[in-house]
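In this document, chain identifiers A, B, C, D, E and F correspond to the written order of the chains, with residue numbering beginning at 1 in each.
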Amino acid sequence: MKNRILYINPIGSPDFDKEIYNFLENGKRQDTEVTITSLTKGPPHIEYHYYESLVLVDTLHKVRLAEKEGYQGAIIGCFYDPGLREAKEISCNLMVTALCEASLHIAVTLGNMFSIIVGRNKWIPRMHENVKNHGFESKLASFKSLDMGVLDFHKDEDLTIRKMKTLSREAVEKDLAEVLILGCGIQFGFYRELQKEIGVPVIDPVLASLKYIELLVEIKHRLDWGISKAWGFESPSLEEIQRFKLEEQYKIKGLWS
Amino acid sequence: MKNRILYINPIGSPDFDKEIYNFLENGKRQDTEVTITSLTKGPPHIEYHYYESLVLVDTLHKVRLAEKEGYQGAIIGCFYDPGLREAKEISCNLMVTALCEASLHIAVTLGNMFSIIVGRNKWIPRMHENVKNHGFESKLASFKSLDMGVLDFHKDEDLTIRKMKTLSREAVEKDLAEVLILGCGIQFGFYRELQKEIGVPVIDPVLASLKYIELLVEIKHRLDWGISKAWGFESPSLEEIQRFKLEEQYKIKGLWS
Amino acid sequence: MKNRILYINPIGSPDFDKEIYNFLENGKRQDTEVTITSLTKGPPHIEYHYYESLVLVDTLHKVRLAEKEGYQGAIIGCFYDPGLREAKEISCNLMVTALCEASLHIAVTLGNMFSIIVGRNKWIPRMHENVKNHGFESKLASFKSLDMGVLDFHKDEDLTIRKMKTLSREAVEKDLAEVLILGCGIQFGFYRELQKEIGVPVIDPVLASLKYIELLVEIKHRLDWGISKAWGFESPSLEEIQRFKLEEQYKIKGLWS
Amino acid sequence: MKNRILYINPIGSPDFDKEIYNFLENGKRQDTEVTITSLTKGPPHIEYHYYESLVLVDTLHKVRLAEKEGYQGAIIGCFYDPGLREAKEISCNLMVTALCEASLHIAVTLGNMFSIIVGRNKWIPRMHENVKNHGFESKLASFKSLDMGVLDFHKDEDLTIRKMKTLSREAVEKDLAEVLILGCGIQFGFYRELQKEIGVPVIDPVLASLKYIELLVEIKHRLDWGISKAWGFESPSLEEIQRFKLEEQYKIKGLWS
Amino acid sequence: MKNRILYINPIGSPDFDKEIYNFLENGKRQDTEVTITSLTKGPPHIEYHYYESLVLVDTLHKVRLAEKEGYQGAIIGCFYDPGLREAKEISCNLMVTALCEASLHIAVTLGNMFSIIVGRNKWIPRMHENVKNHGFESKLASFKSLDMGVLDFHKDEDLTIRKMKTLSREAVEKDLAEVLILGCGIQFGFYRELQKEIGVPVIDPVLASLKYIELLVEIKHRLDWGISKAWGFESPSLEEIQRFKLEEQYKIKGLWS
Amino acid sequence: MKNRILYINPIGSPDFDKEIYNFLENGKRQDTEVTITSLTKGPPHIEYHYYESLVLVDTLHKVRLAEKEGYQGAIIGCFYDPGLREAKEISCNLMVTALCEASLHIAVTLGNMFSIIVGRNKWIPRMHENVKNHGFESKLASFKSLDMGVLDFHKDEDLTIRKMKTLSREAVEKDLAEVLILGCGIQFGFYRELQKEIGVPVIDPVLASLKYIELLVEIKHRLDWGISKAWGFESPSLEEIQRFKLEEQYKIKGLWS
């Protein structure tokens, strides 16, 4: 039986679903089955934190649904890791991860210092806080900004890869990065050429999250190491959720019953 | 003209609105005018991070509405500071704060080390991360847990204050706290008796947020020191919000136009 | 009744008193009354730590006198925050702050990262230690040095502002500062033009300290949140001070009786 | 074709090889093939750092041999992670991990705070440094010591598990650990009962390292994300090794040719 | 020729001079010559930071005088290290240290973790900040308080040593300290018995400072490694000191000429 | 009687022994007697961590032998400080230090910030970790790389010193270093000219280690402050070493008996 993984594109547009699905298909293990989904409403990118907040609840309900439908793992497909804490809180047998968490753990295992290539300076403070909260502040060589929005990466892929190469060389030569991370799910597809050119591992966060969720599903199902339900990730009780009539209020009939 | 402040109780219940309003009324400056509001849907407490996520968008839209209606300041009335980053991002002339931010800045100004009295251990990891992100990790003496939910604090107030006194004494005598912080808006009303008994400042987060927003409104209007719009708190453009049809999708007609 | 604030220029020269007084007058709340004072002896700037030490006791005695004379607040007007710990220790009903403390708390509330514009590299190690001790190390984008002494800032104001603009642009564009802080009280008067030009809040430390002391006086008098007298800021007893004959020895008759 | 993993027991005794082999067999994926080995000389435990140093070179040469023999992964089977940096440095296609690295990454993904159950206080400073170097200092709830040497854990297993339960309860209830880690490879076999009793994930470091190396092998072979050879883990050149006649000097003929 | 060291007891009382002199005499190298001095005015202890400030200038002028009189080294004899930064700033050929600086460097060289035995909790915040500023926060096992003032240590020495033993055992057994530091110069005389009893090094700060200044004098005179005069410890120029008429103002005729 | 110090060049070549011996001779105190030794096998430099591991055991056995032969101190002559933890663990009356430990303690006493001049970027991650583990991360201004291997420093000394001067000026002017450290024992001989040129102390690590071991020997013999044998540096017992037949296995007959 295959492990079913749900990759959630937390945006209100299916535009990248097909390409990311194919990308994941090529990267998955044989015993992994990937489904991709995006949201029925929401902005087509979530560079702004307000946009993140708009898609948050629907993203979490995708996670909840995945658990109800028997998925083994879910991936929140954004490098801000929106809702990861909340998703761990509400999950029971389902394992969850997100792009930044997965990429960072892999990167620091492969090298001493890493750099993250972002789209815009705008993203850095939030991502920097994530890096710090994971504990990897002192392994962060630098953020490098492409000065491009999420929706620009695939408009002129030659331009994008050229810019990536320039920044990557700087990161390795000047900032002494040993590993590079592409800091956005929509930067998919560039890592192979980049790592061949630069000669250090270039972590694609989409594939990193796939590999990491495969690990998490494996440890959950073979060793029963799941999300700890002591303290921080303790779930709200179904009884309370029902007593508070949250299904009715949020029009999510059946999700919590 | 008075400075208009909106205190948002980010829960789907008006149960505490009246009491908190009165509490704020007694604590405000003469030139401050406070309005209190809570949400029309949502759970009656947000101890769980999933609950936080449920109320997030409505809370932010309250903030946005406050700006449109000409308020000078808004307070997000929860010690998790839910949505504070997002609220700063979308605000322009409006100043915003939240309970934890305000309490921490005041506490570290009054003493070297502080302790936070929380309801349940469940809350600690999230709050601990907030303390670290503010930079005050090394000034945190301890978290002390009452082992009570948000909705229990005012059920038997004698019991609550007795427990608070015991924990506070421990915090001061053993953990060497010099200032105490009540780690929940619904712990309002206990600080006076507690600080009289213990002899150190006891920061009520509701009043702390009121005083802090008064400061922020003052510096905004007199000195033009507002939320920086460079990088992290850069707002999404109205043009993009409209192009993405977010008003229609989220049924918030008029909020962004 | 007005809140009386004493601004102490901790230098042995009244040269800047008038200008700073006018500057404060324009920035104060209506219910604030500002007095300015400087010392009868001491160097005219305290860039050197030895100079700081020379003015320390007289500065603290100004603070003590302020308490005796019924002031509500006192400001130590130097960005090194000389004597702030000691001033908190000896104060009882009087609230105290200093330029760096006030500026940092405000800056980190308005943006994720800040830079400090100093006069000379000489100042940086001491100020850096202050930033770290406040907990804001990881929010510090950079120090930028004007390469000018304290007494040079107002010699050729055009030159000063030109240099400030250049450094500020670098701080924002390269170091990703979101807020700028002028790291010296004698840099007063430049913030308005600078923040208009650069487009991010520029914290003038003199005004920051005024606004912050207004907050501290407000919380002391309305909520009884004063300097904690537990542990670190516990005051020496009057009895001991008298027993040690400190008034006689230091020629401060009446200050501690 | 199966992925061949070498588990190196870095001690001069095969006493635990069989049991650990069986333990690994039960935990491995189907496409993993595990070989276990220990050293032909050396002390039977390496609690002392001098003992670690004695086994270091032989351990690294096992790693090197694994690469030459076409293994995909190697595990250094000690929670001090002896030689992990060096092993990463000399490896090319081979992936390597060690018990502490693997356990920590998994633990912090499953919970906010973790505790490590060690044999003796003696071990703590070295392990604490490892935790800090990985970046997880602020997620460490506590070390708890069984007051038992490595060779005692399986002498009276009932006693061991009883002590483990007591310490685990303390770690969860008092220190607020959400995940527990067994801080020694020879603590194998206890995690199942312990996590059933305590109700939080208990990371067995032997199995953690197996799952983590499976991840590393997977990313190396599918995505070509190997140990970065830029800067810190740059390997010495074969040419230099031969020029320095290291094979002759260390009697490792053929290892580097 | 002998190295002349000045030990400055920064208090307004010669009461401990003789005993400390004898203590130093027994601990010094043969080529060291120690002079002890205390101040002509000031409180007899400086537990309070205000008291520290009162003695600061006179202490620094003792340091300056030592340089003028050809001493090679000066010790500021208080564990708060009052004026150490300033003393380094004004010194040229003279080397300076203070009790905390010297004790910490020695302690962390001899063990992984250390505890400091203080007189009163009052002292801890200031000392904690010093420990952090030296970089040794993560090596600090604990502060342990005797609950005794400086002037009590030698009133009933049996009581003092009994209390020290109890706290020391706790520090080693519970807090895992490997080295103990006596956190006050007036705790002189107890270390020998204590370290014999407890079995770990007990750093007497007076002797630590003596040994450390001997090192500093040695490196200054043999290798010309003195206090760096770049940036932070750059001295004020004699020319400026004279221009500011500081000698006249502070009645220190001849000190700076 | 003289204090006998053994300087261990942890490489398999006596090539630098004579020069370093002469260098040490010129820097030692009169009551110090220095012996230099290198290893009978091993690579001629240990830039690679694998090389470090090859020389580790022989280095430690030199340390052990030094103790048996009645030396008072031993220095591990490499800036990676290889085996320092282990050497402290096995030493009893012998004191030990290594180049980085000694240099850092001296540097941070002489200035606020320091830079380290290394041979190649390769070295930085390991050294950076050492700096962090010592606690001096926030005092590190920068690493500057000469882009030269260990064996190149003395090939063209003019070139080396020219490069050193350029990097040193950058470190002081741009990175605000106040002290420079030469990050390799084989950089001996350059510090005098460099510090004369640059005007800040330039720490030669060979001499730093000599001065530091003189301090350690002094405190051990006069004050009985030795390596703490509580917890982390507890030595393995002779009884166990013999029971494990380590002398036979490692051909070190007589070393542990």
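In this text, a contact is a pair of C-beta atoms (placed from the backbone, for glycine too) under 8 Å apart; a residue touches a chain by one contact, two chains touch by 3 or more.
Here the structure is a predicted model, which means the values were calculated and not measured.
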> Chains in contact with subunit B and with subunit F: which ones?
Replying inline: A, C, D, E
>> Give me the set of chains touching subunit C intersected with the set touching subunit E.
In response: B, F
> Among the chains, which is located farthest from subunit B on the basis of C-alpha centroids?
Replying inline: F
>> Could you work out how far the Cα centre of subunit E sits from that of subunit F, in whole Å?
In response: 28
> Just how far, in Å, is the C-alpha centre of subunit E from the one of subunit A?
Replying inline: 53
>> From the mean C-alpha coordinate of subunit C to that of subunit F, what's the distance rounded to whole Å?
In response: 45
>> Touching at least two other chains at once: which residues of subunit C meet that condition?
In response: 112-113, 121, 124-125, 132, 137-138, 176, 178, 231-232
>> If every chain is a node and each touching pair gets an edge, what shape is that graph: line, ring, star, complete or other?
In response: other
> Every touching chain pair, please?
Replying inline: A-B, A-C, A-D, A-F, B-C, B-D, B-E, C-E, C-F, D-E, D-F, E-F
> How about subunit F: which of its residues touch subunit E in the complex?
Replying inline: 27, 29, 97, 101, 105-106, 108-113, 134-139, 172, 176-179, 191-192, 195, 199-201, 203-204, 207-208, 211-212, 214-216, 218-219, 222-233
> Which of the residues in subunit A come into contact with subunit F in the complex?
Replying inline: 112-113, 138, 176, 178
> Where on subunit C is subunit E touching in the complex?
Replying inline: 12, 41-44, 48-54, 56-57, 60, 83, 85-86, 89-90, 121-122, 124-126, 129, 132-133, 231-232, 234-236, 240, 244, 246, 249-250
> Once bound in the complex, which stretches of subunit A touch subunit C?
Replying inline: 121, 124-125, 128, 132, 137
